[in-house]
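Structures are listed in the sections that come next.
Shared chain: chain A. Partners: chain B in the first complex, chain C in the second.
What follows is the complex of A and B.
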């Protein structure tokens, strides 16, 4: 009896020892990260260096994003999705706000813009008081967390064609696009984030996530200019259920959709005025396709 | 088994040495271990940011914290809403500092004794005082009442527990959706780039900026003290990234004292502007200027010879003008320079102005009236200036450097110098007569360096740990201050003497 117990103990002990490397394989360690401290970023004519960002990261970022950039800083426990967005896990190398096609790495400028702009509806504020150099260094620091940058290059930024003039026809056409690609399933027929799928959405890590509510005055996460909104549905928000529609809608249709989405937003706009004149009705999800 | 006494002692000694060595080994590890540096209690609890995000070293703000403050305690996102609260949020912070300090005053005139009894003589000697002590207690609370409407309330006590309202104001921000239109009303600190209310030092003389408070010896203008919180209204405008800032305040000339016992019917203006420049790896540098100009009463109506609070008239003018530079030399080293010129009306120079002495908490402390001895001067009708009286003016400078080893450890060094450029009693006053205490005495020109101040402060603050609910700094500081001519007169020659004061302070500055 005692011999059997000893045998099992030895086996379990050996298994535990063998499993140890697996845990470090799943999670980058400080040792791993030190090897990538030579990471650089290039934003305009500023070159950022990861090794120069350690102090800034510790001062401004580590509370949420954690020492290892895994999004498990001391404040992460207070942020429960979907009401509070969890901090980004930089080790995954997956980013929502990009100018590059879905599935590709963002450019350094994308990461720089994200740090500068911050994210509405999250704990990430605007860091535009930091010097350009500090922000560029932080971009390099963010990159040093993920092994993706060692083997991949950022995608080529998509081309945003010149913005056309807003017209009533374009807004009506945008409504058709909204119905056809079924934006309403998540965002709701009036953009109030109450579509039939809204409550079931999860991100790539399985955490609940809410669709964007166009009507409550929030700023879109990746910027609030028309170009930013265009870019969001042509690149998608990687890591979230928001896909890229680059293969589904043409550039001129994407502009139509931008104009239609503007009619939902709380801010005053030309689009809202035109929609009022048109007396546009919300999309009818129960109508046959093409007649919604 | 019997153990000899020497063996027991040897064992005891070895045990004591072991404990000592263990302590020596463990204490540095505990002190230097890198603990998470969390947020300052009230706002950080709300936003989930570390204190180091807003503070170069608490309580001194960095640029991000300054922008947060300039936006009316808002990050300008949806988290600003009063209803949006982190589960760990509690909107009140208290701060107090138990300390040990030793104050040494170089020259104090004391009685002498012979055979156990006072002999009527006097001597001048150094007096040192040391012991454990307490700071006052601050209760900070602030936040948004509504989008772009915020408040701050700071009841504060002295070490004995006597409370007053150190800061109280309501802010209206981003009027017309513009960061250039912000207003606040109440009792607040003037828009000083080098904030005295966020000073990193705590000693009696090092815990204030001498440049902000300096007035000539005998001067009666207590109202132009830029470091004190003032009562009034302030306009503030800033660019979206806070690189450009301007502000203008209109305040009562009461030095922030409530009840208008002083400062009634007289106002002062304060204007500040600054611009920051991004100099790459050196960091963001800021240069700016400020000016304070106003007038304050020199004559208070009297009743039975006693000045009446709130009845001040015969306003006289004063002004302060300064330049500020905040220079960063990379992420660890910075230097702030303030230079200031000050001038007071000739009447202030002769001691008129503070006829109603205040206790700093809104009360008054004096009920006597000049020309009684010891009573402050009151510019009653018919008062004439002595011959040779002139408007005093002076120049001052503050140099404060920080070495920020990490957000948890900061070293501080400061040099301040205040020099009179024109004394209130000029050369023309030699051998003239001045009315004082109802008699006439001969006075001469004041020595040109009379009242000049030189001060050095060094120290460091170490935060061994911080949490999202509390902060603790182990504070160590030394201050040395030299003032020309204000020591007791030489007992033999009657000549003015200089005085040196020093203070060493250690304490635990904590907030929750």
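What follows is the complex of A and C.
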């Protein structure tokens, strides 16, 4: 009899607990993740399958990104911001390097490129030694960690118009864009990452983060081609202080800005040579708008 | 034994009914809408609000030359009235409130005006800038609940129009000016924000019994039960303690 009562109260308790709406968005569990194991990715003509990536994820990625994809692998504690960025938390579904507008999910190709390219100035190496199939499977695996992919589609990639010829006029026009949208607030007037706001920047999780220094020879995190640089400031790097400038820089002007940014970079370039001939001065933050 | 069994059956019935009541909540008819009104006050003296050092950006310093900027965690008006408190109805199940004016969240003199912007889910709002310095507008929702974004607004930038899908208290910041902090308080259903005297009115409330929640950015939330009669006004006053 007593056992019966106990059984009843147990059942009731269980029912009450189950009836509670699950509003908490906290940490996902292994149980949640098993439901999305059928995630797929499409990179070119290769179809990646999450369930085929379990072994390579465990071998290559788990040490930093963790079994639950929360970026809390056993090595994560040794990576200190801002020198070393913490491993990405895949559960949040927020990614820096996208071809898609701010606030949208990246395409499979974007994730594939990130895995292939690795991240300069971070502990994420290039994984171009893995086969195409392995990388595509890992893309699907990365996607299976975040519930965002269940309810949302990736954004539409922004259009990058064909690159025009570099001219002295374009570099000068790029300098005007740099002054107008005030890139120097963080990146500094000479691109040395020493703008007035550089020292107080934090990422979305409140960890210190440094703006990109164009002058020290390092490569932009999301790729080194002119197209990559175009995309970086037009889409913004989600999760970081770097905003999207898509509303404020026209496609034509965007190329001008790319050329001007090249003049800061340590690597030799046509832009650098032209800037030297022009004897361009850094923008003057204290001059009135239009005369910087 | 049967007695015990009966007892258990009754108990389970009670639990089920309670769950049902919680879920179904306020089932009300739409006729003769009333309102909920009241005053939100701060108990005791207004806490000292620290001044803001804007020396990072000379434009911001100049804008506040005659009117020094302070934190806006507690903005206390006449008679202890507390500004920027958001009031809304807990567990609202009615249809979406149709607002005619698009709320505006402006960046002026390197602070957000208003400091707190309440919104219905799905309600469109605009982000504008009146400043001659660049801002980046960077709301930080829980990425699993709402989709965040980060857009630049240099001087003369066009307005950004956005909305939020799910209820959430979303902090918003400018990375260029780290003192700039504001809030999007996204709720379901009708809402109101207290004015400089701490007064508020939630309109468009159908008759029924409700739980009104008051949210303050530092002191948290308080609730109160009210009953709104057809076409009438119910009162719910709140008092917060500074934290």
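Definition applied: the second predicted complex is superposed on the first by the 267 of 292 C-alpha atoms of A that agree within 3 Å, B and C clash if a C-alpha of one lies under 4 Å from a C-alpha of the other, contacts with A are read in each partner's own complex, and residues count from 1 in each chain.
Going forward, contacts are C-beta pairs under 8 Å (C-beta built on N, C-alpha and C of every residue); 3 or more make two chains touch, one makes a residue touch a chain.
All figures in this text were calculated on a predicted structure; none of them were measured in a lab.
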Practice task
Going by the touch definition up top, name the partner, chain B or chain C, that contacts more of chain A.
Solution key: C
Practice task
Could you tell me if A:148 is touching chain B, chain C, both of them or neither one (first, second, both, neither)?
Solution key: second
Exercise for the section: With the two complexes superposed on chain A, say which partner A:58 touches: chain B (first), chain C (second), both, or neither. Expected result: first
Practice task
Give one of first, second, both or neither to describe whether A:266 is in contact with chain B, with chain C, with both, or with none.
Solution key: neither
Handout entry: Contacts of A:287 with chain B and chain C, given as first, second, both or neither
Key = neither
Exercise for the section: Mind sorting out which residues of chain A both chain B and chain C touch, each in its own complex? Expected result: none
Fill in the blank from the handout: Counting only contacts in the complex, chain A reaches chain B at residues 46, 52, 55-56, 58-60, 62-64, 73-75, 78-79, 118-123, 125-134, 218-219
Fill in the blank from the handout: Given the complex, residues on chain A that touch chain C span 1, 4-5, 8-9, 12, 15-16, 19, 25, 91-94, 102-104, 146-148, 152, 180-182, 185-186, 196-197, 200-202, 204, 236, 238, 240-248, 286, 289
Problem - Complex contacts: residues of chain C adjacent to chain A - result: 1, 4-5, 8, 11-12, 15, 19, 56-58, 132-134, 136-138, 140, 142-145, 147-155, 157-158, 160, 175-178
Handout entry: Touching residues (chain side chain B, partner chain A) in the complex
Key = 36-39, 47-50, 52-53, 62-64, 66-67, 75-79, 86-88, 240-242, 278-281, 283-284, 331-332, 406-407, 468
